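Think of it as A, B and C in the order they're written, each chain with its own count starting at 1.
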Amino acid sequence: MAENVALTGNDSAAYALRQINPDVVAAYPITPQTELMHKFAAYVADGEVDTELVRVESEHSAMSATVAASLSGARACTATSANGLALMWEILYIASSTRCPIVMPVVNRALSAPINIHCDHSDTMGARDSGWIQLYSENCQEAYDNAVQAVRIAEHPDVRLPVMVCLDGFILSHTLEGLEVNDDQDVKDFIGTLDRPDSLLNVDDPETFGMFTLQNYYFEFKKQQVDAMEKVPAVIEQVGQEYGELTGRSYGLLDPYRCEDADIILVGLGSTTGTAKQAADDLREEEGLKCGVLKLRTFRPFPAEQVCRVLSGADITGVLDRAVSFGLGGPLFHELRSARYGETAPMIDFIYGLGGRDLSLDNVKDIFRSLAEARDSGQTEPTTRFVGVRE
Amino acid sequence: MSELLKKDEMKPGGIGQGGSMERRYTGSWRTFVPITDFETCIQCLACWIVCPDSAIPVEDGERRETNMHHCKGCGICAVECPVDAITMVREGEEDDE
Amino acid sequence: MATTSLKKLSDMPELLTGGHAACPGCGGPIIIRQVLLAAQQDGRKVVASISTGCMEVSTTIYPDSAWRVPIFHSAFENSAATISGAEAAYRSLKRQGKYEGEIAFIAFGGDGGTYDIGFQSLSGALERGHNFTYVCYDNEAYMNTGIQRSGATPKGAWTTTAPDGTVEPGKREIKKDLTAIVAAHGVPYCAQASPHRPRDLMRKVQKAVATEGPCFLNILSPCPRGWRHDPDVTIQLCKLAADTCVWPLYEIENGKLSINYKPKEKKPVREWLKSQQRFRHLFAPKNEHLIEEIQAELDAKWGQLLAREAFDNEQEQESE
């Protein structure tokens, strides 16, 4: 039976990991991910999972051990944040290119320097070309639901790619929320068993993994990854629908909120979209502004077509970017604008919240208002704006 | 070299079949060829265990003719043979021996 | 029962095929062959990892692989972390009844991937106590990338990043004593070996794979290209390394050190230095003093080993 519980984001991800019951978890502590692993270690200590927990000496080794475990036919998971993800960098690419269906909660946090333990998306945004699928969570419920679904998505025979389940550091990871969790057996049945065609432990038919590959073959392997990514959207939608049948909570690539008739749409990722939805409601009511919010659940693969369809009716689009690509602007904005090539409706980028800087309801309302103003005046410059920076 | 595999003929993830390198020919690397005198050879297998190229086949506990498909002519076997049963001869001049 | 008889071993499958692209006379494949031959005994099968380096690039060139055991090359610095993951998967699957069979996990790495960039990963895996054997083939420099200096490069050696010149004599620093550092982790078994004594090497491999817990083998691996020697003397150089005590053969089992080879007459290090062009410049008058220093350092190390062995023997006798 499904159950209502109060959990933090870290606890909800740990709860999902317990139900997933991975064969191997290799992890290293980093704030704000730490409590996720404390919780999971307690499950291991109490024999509630069959997992071999490898307490590695670094995130680089965490990802290395997770990849090897996955290639050995084990269901393997890890979790990290920020600098930890950065230290994994090299092996992130190896995980995806050796086609390891690893599930990794990433508790989003700013990258150093200066060192800062609070939320932004610079960690996972930097990893957007690493060949991982990226799902972003708006709240603890989604963090939990995404982790469970991620197993099915990653292990789908058409996919076989790793998944990052992103949740905002502190804002979600350390905030208690009431959520509904599934029955253990339901999760077990939903995710099924892992069936890896090739295994490092197959001593009877020895194969070599991670081979040296020259100009004559490397490109084909990359195209295989491209092909696999192309199959992901359909799989995410299929899994999200089945999950809905099981739990009443279905998921897709996007989550448009009041966008059908909206003139002004704000696009974003993660917990901020919750605030944005509230702002849209308020402004519709108080100021008659027809606002909508488009939350991207999937950032990789980038759901370009689907996004364009939702945005096609809007007069103007704002993008909330919690990361910056120095010398360019917000990554979400630039990908979105590129996806909308040929569209004439204006777009403005709002870079916000770096290093955990709060974005209040009023801030988001101001963003909506400035979009309305830009639409009315036709004056969209500057197209990249930094919210709340003292200058 | 055989025809290159196409994208969908390749197992995803860069996986290769164990032992498949055996088909590669490295005999062309040789400048010198090891010639074994089986009359002198005492079958101690000292050459076999130090050949970097797995080029000295052993059957029923006895070494056989060097595998010229793989032998790179490094000469280690000739140096290590305790009874000098192996001589290194310039490639192409084997018959003069 | 495990054997080191060459006749008996020659009946075992050859687990590293020819056709690989290692240079003629390379020590690496000799070591790998001997390790794999020895490890597969008593019904055990090998699962391996290997760090980026000469042996990896020369034995796996897609789609061809020389390995007849499953092997995974992940990256340069993580051979030990990689084997940790495979071993953890094995333990987990076995405990859950999802896997059967006896596996010897072996991580391979060159000196760069072991002494230097992979050191943390190695240390972590040793400390965690995974059941595996780490084999370092030590050719004393980054040979794969073009003979750059590593922590394993001996004092005085020429390398491309610490060449000898008008003011520099090659590498100024002494070689890191990795075997001693590994021993300090308190591992149940670690040893130095050399392919010129295959039976000693293979006995050590068998001991390592049969020992529960992390074991380490440091194996000297001549490199004709990097050491500047003729390919046919590879094994002779290993012998000379043992005879000059440049590469002592010893093992430490549960804390007790035994030297496995003591030269009847210890040869002067000059003979070792003369045998390879990488040391040629040391014989220039301005560098001659370095030879004396190197000799003195070696003598001190060898003396320490002898003293430690004697001490361990005494301790054992006392406790009996």
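Annotations
Please note the rule applied: a residue touches a chain if its C-beta (ideal position, glycine included) is under 8 Å from a C-beta of that chain, and two chains touch if they have at least 3 such contacts.
Everything quoted here is computed from the prediction, not taken from an experiment.
More C-beta pairs touch across one of B-C and A-B than the other; that pair is B-C.
At the far end from chain B, in terms of centres built from Cα atoms, lies A.
Centre-to-centre separation between chain A and chain C, using Cα means, comes to 43 Å.
With each centre defined as the average position of its C-alpha atoms, the distance from chain B to chain C rounds to 24 Å. Computed from the mean C-alpha positions, the centre of chain A lies at a distance of 53 Å from the centre of chain B. Multi-chain contact residues of chain C (touching two or more other chains) are listed as 60-63, 65, 67-71.
Shared interface positions of chain B, i.e. residues touching 2 or more other chains, are given as 5, 10, 14, 16-19. For chain A, residues that reach two or more other chains under the stated contact definition are 98, 206-211, 213, 217. The touching residues of chain B, when paired with chain A in their complex, are 4-8, 10-19.
Listing the residues of chain C that touch chain B in their complex gives 6-7, 9-11, 14, 16-22, 24-30, 33-34, 59-71, 195-196, 198, 230-236. Of all residues in chain C, only 45-47, 49, 56-57, 60-63, 65, 67-75, 77-78, 81-86, 88-93, 95-96, 98-99, 101, 103, 120-121, 123-125, 127-128 touch chain A in the complex they form. Per the touch definition, chain B reaches chain C in the complex via residues 5, 10, 14, 16-26, 29, 44-46, 48-55, 58, 61, 67, 69-76, 78-80, 88.
Those residues of chain A whose C-beta lies close enough to touch chain C in the complex are 23-24, 26, 50-52, 54-58, 60-61, 64-74, 76, 90-91, 94, 98, 199-203, 206-214, 217.
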